[in-house]
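Pasting a structure here, questions to come.
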Amino acid sequence: MSLTVENLTVYYQTLKGVVQALEDATFSLDDGEIMGLAGESGCGKTTLGTSLIQLSGRMRYIKGKLALDGQELPIWDNTAMNDFRYKKVSLIPQYAMSAMNPTRKIGMLTRELIEAKKVDFNQVLPELKRRLELVELPEKVLNMYPIELSGGMKQRMVMVLSTLLNPSLLIADEITSALDVSTQKAVMEMLGEFRDRKYVKSMMIITHDISVLYQIADSIMVMYAGQLSEKAAAETIIREPRHPYTKMLIAALPKIGVRYSEQVLSGIPGKPPLLLDPPAGCRFRERCPAAFGKCLQAPPFKEVQKDHFVACWKEFERHA
Amino acid sequence: MKRYFTRKVLIYLLTFFIAVTIDWMIPRFMPGDPVLNMLAKAGSVHAEAQEVMYGYLTTAFGLDLPIWQQYFNFWKALFHGDLGVSVLQFPRPVADVIKSAIPYDLLLLIPSIVLSWIAGNKFGAFAARSKKLDNTILPVGYILTATPYMWLGILLGWVFAIILKIFPISGAFSYALKPAFTWTFIKSVLQHWFLPFASLFIVQFGGWAIGMRNMIIYELEADYAHYLEALGAPKRLIRKYAYNNALLPQLSGLALKLGVIVAGAMSTEIVFSYPGIGYLILMAIQNSDYFLLQGCFLFIIIGVLLANFIIDIVFILVDPRTRLGMQGGS
Amino acid sequence: MGAEKKTNEILYFALRNGKLKIGLVIVFIFVAIAIFGPLFSKYPLNEFVAGGPNPPSADYFMGTTAYGQDVFAQFVYGLRSTFIVGIVGGGIATMLGMLIGFLGGYKGGWLDEFLNGITNIILVIPTFALLLIMVAYLKLRGVVLESIFIGLTCWPWAARAIRAQTFSLVSREFVDLAKLSGMGTLKIIFGEIAPNMMSYLFMTFILQFGGAILNAATLDFIGLGPTQGASLGLMMNWATIGSALLLGYWWWFVPPGLAITAIVGALYIMNVGLDEVFNPKLREM
């Protein structure tokens, strides 16, 4: 097990009150596993992803235990986390196009970051050059400023930069949304390559685009309104979803391989509840055709078949 | 870079052209024939001045010539460095009077601009570090930028020259001394220089500190800063990047503020009877010395354009975005 | 989420914002003095009522000048001039800035190139020098005329800022919609674009207001102020010429500068407060 998460609960402090963005998340990630994390915008998938590396100013850790490679991951302690960040947990941000300081040469900013992490840059340099070659970037980019690179080149550069110290866990947050379809595919393939070459041990790819995940993800986890709904092998999620929400989500996809956008999602009747004051129990209840009395209690995220987790009372009854 | 440069130079040339045209136009098209008025007044100050003035008027101004000819002659005289004759210091040519005032302006402007810019930036970056510091420094900074230059000068002069008698209140050096390269003279110059310098420094300092504080807060919210934070880079590195990047807009801010600073220096010189261009302007206005006034106007324009040009060159040196011609802007 | 709810929210943050409140209170105090002060003035403006200089006393609230004029009268009438300059000068500069910024930003193309070129040129010319040369040739100068000149020379940075804002709004959906429905340029600008940057325009006006006051003070101080009446800058000019410093008549030169600093400083701090109210990002938690 590369990553285990138990009952992770993270809220947002806002002026209007507490937003319950992530409730009791329990799941794990195997060594070498690439997991896709899908759901509508505002479902808490980015909260889950970013909380594993850095709680932003307004995020509040409520409870939960985390372990990475058998070692406790202290996400509630910003200073202690600094030892893990980059070396053990790393991030390819949504904003990869602007993630590099525009006034520093790329080689220089890489050196400064590496040295800030107390690693000898000269020892990393040959590996850096090898990886640049792998993602088809010329070595001379190190002597260039970020603005001299195209969007796709910047994306690849940030991928190399983020994974240079071989982290155990890589979080990739909506990294393909700014790219065209063919570039998306190439980026995803490179990420797979990174895993195969063991540059990263496990990976969490956050996206609202299931078709992108289908290309490389081993497993897919679906979230709804701050709660985990279902996690299973990618193939299983697409072919035999169990959770009513996943079913609707997959049904709303016209065809595998076609991108679904938020508009298509809104084709599902009803709206997700406001997380400022969410109803108790299963949060999908009000939109769920199969809802019944028991749904007033929150269902646990249970393994109903090997490696297939669902949070739905109806499903538990079926497998009881 | 080439495009950026040509564009800038073109704008400066055009600006100079327009400024000279304004300088030529205003005395001619203002109601009440100010030129003849000036001639009459000059005559009352210096009887013999009227004749010389009239000579300049017929060659450079040439009021009886067609308008385009007048305009052409004005440019011609300008390129010969002929700005007319000062009434105030008759019969010295205006260009000569201005030339002897320039060193004093540079002595005040350059150190106050450079030092306040550097110190203000450092201080603003420091203020952005903690909420508490920020909440006290921010209002002080805003009050400093809101202070009229001359009033701060008056206050400093009153406290340090009149009440405490630490510094002299007027002139560029003691009236008892003659300019010479001696220790006594240099000491006297420094003593007279300090108060006007200090009032210029303090007001500008407030502006730069606020500017830097606002820019740094903005930069710390930039994507690259968030990325570095997520990767656990030390605060020191992130602040260094933010500071360096915030210096660039501060530099263009300097270019934009030059006019205000120059105006501030002019009025500060008046407070301390410091013999720079500002003091000349006051004298020129009081004595209706319009040629001198027009000369001062041209000089200020040329000075500000040159300073802008220098800032542009510095910008190219420090900003890769400008150098690589990706962003032509400001 | 109705418009009403949004207004309420802004009002809520406005009332909680200390910077905004302090700034407003200071500005209002001075506005009140400018409006009602002259009613309490015992002596006519600029008349030589006392034989010579007097420190503040029951007779002369703020003392008299070296020539025996009542400082209080000069101060309250000077404050009036200051606010007139701020409103007229700042107002004209903001309107010109809006006109040029909106047109350039909305129309684009050669018109934008042209307007932007002019803006850049006037931006480089020091406003002060321009004012100097224009005002110097006027025989009779009044506060309003001075304000108009200030307004005519101070618009460029407002134009530039508004142009940039307009650019970012023009590509929005509601502007496209208005264009498709065949609305005229002016109607789109004032009906669709301007309301969406009201807060920004208001803050621009406040900055221009403060800038106009400082500009006028400088002009007045170097002797190009109004030839009649009073202004705070003129008071400092008279004090300097009358050797008030050497003679230690602090009541003559301290109040005018203090008032300018307080008014303009309060305006700036108010603006920071407004920025926090309008930009949710800056609101303190």
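To keep things simple, chains are lettered A, B and C as they appear, and every chain counts its residues starting from 1.
By our rule, a contact is a pair of C-beta atoms (placed from the backbone, for glycine too) under 8 Å apart; a residue touches a chain by one contact, two chains touch by 3 or more.
Keep in mind that what you see is a predicted model, and the values were worked out from it rather than measured.
The chains in contact with chain A and with chain C alike are B. Just to note, of B-C and A-B, the chains joined by more C-beta pairs in contact are B-C.
Annotation: 51 Å between the Cα-based centres of chain A and chain C. If you average the CA atoms of chain B and of chain C, the two centres end up 22 Å from each other. Centroids of chain A and chain B (each the mean of its C-alpha atoms) stand 55 Å apart. Across the complex, chain A is touched by residues 222-224, 226-234, 237, 241, 244-245, 248, 319-321, 324, 326 of chain B.
Across the complex, chain B is touched by residues 50, 53-54, 81-86, 90-91, 93, 95, 98-105, 112-113, 116-117, 145, 147-148, 162 of chain A.
Against chain C, in their complex, chain B makes its touches with residues 11-12, 14-15, 18-19, 22-23, 26-27, 30, 32, 34, 138-139, 142-143, 145-152, 154-155, 157-158, 161-163, 169, 221, 256, 258-260, 262-264, 266-267, 270-271, 278, 281-282, 285-286, 290, 293-294, 296-297, 300-301, 304-305, 308.
By the touch criterion given at the top, residues 19, 117, 120-121, 123-130, 132-134, 136-139, 157, 210, 214-215, 217-218, 221-224, 233, 236, 239-240, 245-246, 248, 250, 253-254, 256-258, 260-265, 267-269, 272, 281 of chain C touch chain B in their complex.
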